[in-house]
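So, here's a batch of structures to check.
Note that subunit A is present in both complexes that follow, paired respectively with subunit B and with subunit C.
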Partner chain A sequence: MSVVRFWRNQVNRYNLEGTHCNSCDEYFYPPRSMCPTCRREGELESHRFEGKGEIVTYTIIHSAAEGFENQSPYPLAIVKLDEGASLTSPIVADPEEMYIGMRVKPVFRKLGESGDKGMIYYGTKFAPDKND
Partner chain B sequence: MRDVAIIGIKSTKFGELWDYSFRDIFVEAGLGAIKDAGISGDEINGLYVGNMSGGQFVDQEHIGALIADYSGLARNLHIPSTRVEAACASGGLALRQGVMSVASGYQDFVVAAGVEKMTDVNSAAASSALAAASDREWEGIMGATFPGLYAMIAKKHIHKYGTTSEQLADVAVKNHLNGSMNPISQYKKKITRESVFNSIMVADPLHIFDCSPITDGAAALVLAPAEVAHEYTDNPIYIKASAQASDTIALHDRRDITTLDATVAAGKRAYDMANLKPDDIDVAEVHDCFTIAEICAIEDLGFVKKGEGGKYTEDGYTAVNGQIPVNTSGGLKSCGHPVGATGVKQAVEIVHQLRGEAGKRQVENAEIGMTHNVGGSGATAVVHILSNKR
Partner chain C sequence: MSVGIVSYGSYIPRYRIKVEDIARVWGEDAETLKAGLMVSEKSVPDLDEDAATIAVESARAAIENGNIDPVRIGAVYTGSESHPYAVKPTSTIVAEAISATPVMTAADFEFACKAGSATVQSCMGLTSSGMIDLGMGIGADVSQGAPGDALEYTAASGGVAFIMGDNESEPIALIEDTYSFTTDTPDFWRREGSEFPQHGGRFTGEPGYFKHVIGASKGLMEKMGTGPEDYDYAVFHQPNGKFPTRVSKELGFSRDKIEPGMVITKLGNIYSGSCMMGIAATLDQAKPGDRIFATAFGSGAGADAFSIKVTDKMEQFQKYSPKVWDQLKDPVYVDYAKYAKHKGKLKRS
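Our next item is the complex of A and B:
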């Protein structure tokens, strides 16, 4: 992904910042500029997510995505945040300890890189929340 | 709206076609369909071509014009040609565009085609091109692959309904058996559950034999107003329904991870349009890009109850001689999956079945067939119902 394209959402990726619709009280991550529930009537504002959530489903990826080659095999999951929005993220965990329903918390990590001399991408991943 | 008929069909061989170029294969399919219809090029009013990613696979855009040109429909006839894209549902969508054009009376004779040449790039580049069908910024960059997304559907289906890896493998075993009887299919070898379990793991629980391959191929159909179809062919096949639906681009935004709501909506619209029920379908080609996708499809199209797709597959319900034969062509799994061509090839297979010319994989007394084509992890679904009776 180009530097500018990543940079545009840097704040969202670093801080888990999405949006909240004041009209229907729904939360969105990634952010949306229009509420898909109440559409034109919606009123969106920025919302920084607490970051705690639960694993809805997961997989262990063996054949890696571009930029993730040296991390494979790695767990990837759909995480439902406690406020209600869901997102896709790698999980910083041993593949063996993964299960559906596991509580997770956000961690700031390197996401990937554009080759040897390219930019290193950082963002929010998730890890098991053993205290929850 | 006018009734629409398919009067000509052609699919190239599917596979790793090293000796043939992008243009070679679409010319073969397009001209084959025109020849099958017994129509001449100057009678054609328009072309609709499904192609997912000519830009990434062969570094070529402006696909519609290229195809019109090399099919001999551009230089003197100047026939309009339009590329249609909806990732892996591009072919189904091209058929739907053609159907709408003829049904509305805007055009009379139309070629609906699909083409993809995927093996001119290496497999990493092909995987990257395919990943563009998901949400690149919020799935792809987070480490998701296409098999990874379907693996998460499978994991949830297993967790929620008790579907087993054996049942997933049974989809592949059945489709390879069907593919072994199809002259155009990429793979002609039968496989067993053990072949699936012994193949490498791509994204748990999906092995590589749970995944459709990377394929070159093209397919084409000639559409005509139903009232004149008999002037061209003795066995026109009628379009009873053409339906399409959208859903969220990202899997994580779906209402239910194990249901493709776009498939449910497109299926319902198609049944309503044709005034038919799931029980009325004699044969179906569904979008089995991964084994779990066929299990979800037969549930979401209403052939079996939600959650029971695995069990019914294991019991042979979807075999060629079963209650509702599914993917007699071998499906995407064994016949191959040239992404832009798949939706059109599905219709070619159903036409073979309804004409009664499917050879060893022929379904007895098949009168009504369905095609189901999906884009991405379920953001687009296209469903057509075809019949040999008007």
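Our next item is the complex of A and C:
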């Protein structure tokens, strides 16, 4: 990923900034510029997600992509946020801890880096929410 | 002075390694080490954690604990000896992640283990002069000890953020006064580009830690006309458990006064945040009116002493904020192999 492309969406990744359609009351993450249901009648506003949600389904990644080798095995899950939007995210948990329906909260982590000399990419992952 | 701590938050990674597991690898006697260092285990960062992610987590905890509007924060300063970039500030990452940007200032601090307390002093100056409304000072590190080096038993990870302000009704604890003692002393260093620090061995104790901690502590008490009997608690930088125990005795503070802040035994030395974490753990249990004496030390070398007085705002704050000692409970233990992988000492070819 290019530095510019990452940086443009940085605020979304850091703080789960998405969008909400006022016409049909649906939430989107990542943010959309048009509501797929209401199209032109849609009334989009930016929305910061609370970040709490639950695991809809997950898989364990054993052979990770370049730059993530040291992190495998790690769980990758579809997280449904409490407001409604779903997203795919690595989960900061041991594979044995994982189960469908587990409550999660957002955590700030390194998402990857471009080698030893390149940029470090930071953003949101999810972790088990033991107080929920 | 009405300047003080308006909120604070801390973050400790959930992994720990026991002294036994490190000692086994190097064929050393764990019981002797544990008794000598007064440390039984230390925190280990996750594979995707560094000083910036730890700084962000502690900053977010401080915002949440005190229910602070981040827009009010006019400065974010992060003290660390493990900033992830050689050039590019950690503090801008933190500021963006807490939504304090863009009308604010930010910079990174470095002064071995006292970089965190230096940020707190800077925020005191900026807020009490009226330049900014609130200031955030952070100490965060993922510190490294070379494999087999004595420092490997204590070099740990964690972060603490203090939000400082000077609006009369706000602080949960006032900083009554501060005093620093600084000289050019080569007791510990790391050159640009080298992975692990070097230290002057036995040299680090007397002319480093003890001279500076005692210099700053005595200096502050003389300046204020106070003595150890005027304080309910005391916190001294914790490179191990022995140094703060000895220095508190020399200064005349009884053992029970330093106990609540002695996080080193279960946490290790988190460097820039070490003294701040001890202060946080002490504030967690302090009552309105209590006074805390605290001195941070950084190799190179210098010490910052603080006289802190808890206000009646503290009771409300304590109801909603997680406690440092609770964060030290229920860790996930890792063995040396996993620890080495986490600390990047073990790499795939």
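Observations on the model:
Just so we're on the same page, the second predicted complex is superposed on the first by the 132 of 132 C-alpha atoms of A that agree within 3 Å, B and C clash if a C-alpha of one lies under 4 Å from a C-alpha of the other, contacts with A are read in each partner's own complex, and residues count from 1 in each chain.
Operating definition for what follows: a contact is a pair of C-beta atoms (placed from the backbone, for glycine too) under 8 Å apart; a residue touches a chain by one contact, two chains touch by 3 or more.
Remember, predicted model here, so these are calculated numbers, not experimental data.
Superposition of the two complexes onto subunit A shows subunit B and subunit C fitting side by side, with no clash. Legend: residue contacts after superposition of the two complexes on their common chain; A:S33 is shown touching neither subunit B nor subunit C.
By the touch criterion stated above, A:S86 is placed in contact with subunit B alone, subunit C being left untouched.
In the superposition on chain A, contact of A:F6 is made with subunit B only, not with subunit C.
In the superposed pair of complexes, A:I60 makes contact with subunit B only, with no contact to subunit C. Comparing subunit B with subunit C, the partner in contact with more residues of subunit A is B.
Judged by the touch definition given at the top, the superposed model places A:Y121 against subunit B, while subunit C stays out of reach.
Once the two complexes are overlaid on the shared chain, A:L76 sits against subunit B while remaining clear of subunit C.
Smallest inter-chain Cα distance, subunit B versus subunit C, after superposition on the shared chain: 12 Å. In the superposition on chain A, subunit A positions 71, 111 are in contact with subunit B in one complex as well as with subunit C in the other. Looking at the complex, you find that subunit C touches subunit A at residues 46-50, 52-53, 56-57, 60, 84-85, 93, 96-97, 99, 332, 341, 344, 347-348.
In the complex of the two chains, the subunit B residues touching subunit A come out as 124, 127-128, 131, 136-145, 147-148, 151-156, 159, 200-206, 250-253, 257.
For subunit A in complex with subunit B, the touching residues are 1, 5-6, 9, 30, 56-68, 71, 74, 76-79, 86-90, 95, 100, 111-112, 121, 123.
On the subunit A side of its complex with subunit C, the touching residues are 10-11, 14-15, 69-71, 92, 94, 107-111, 120, 122, 125.
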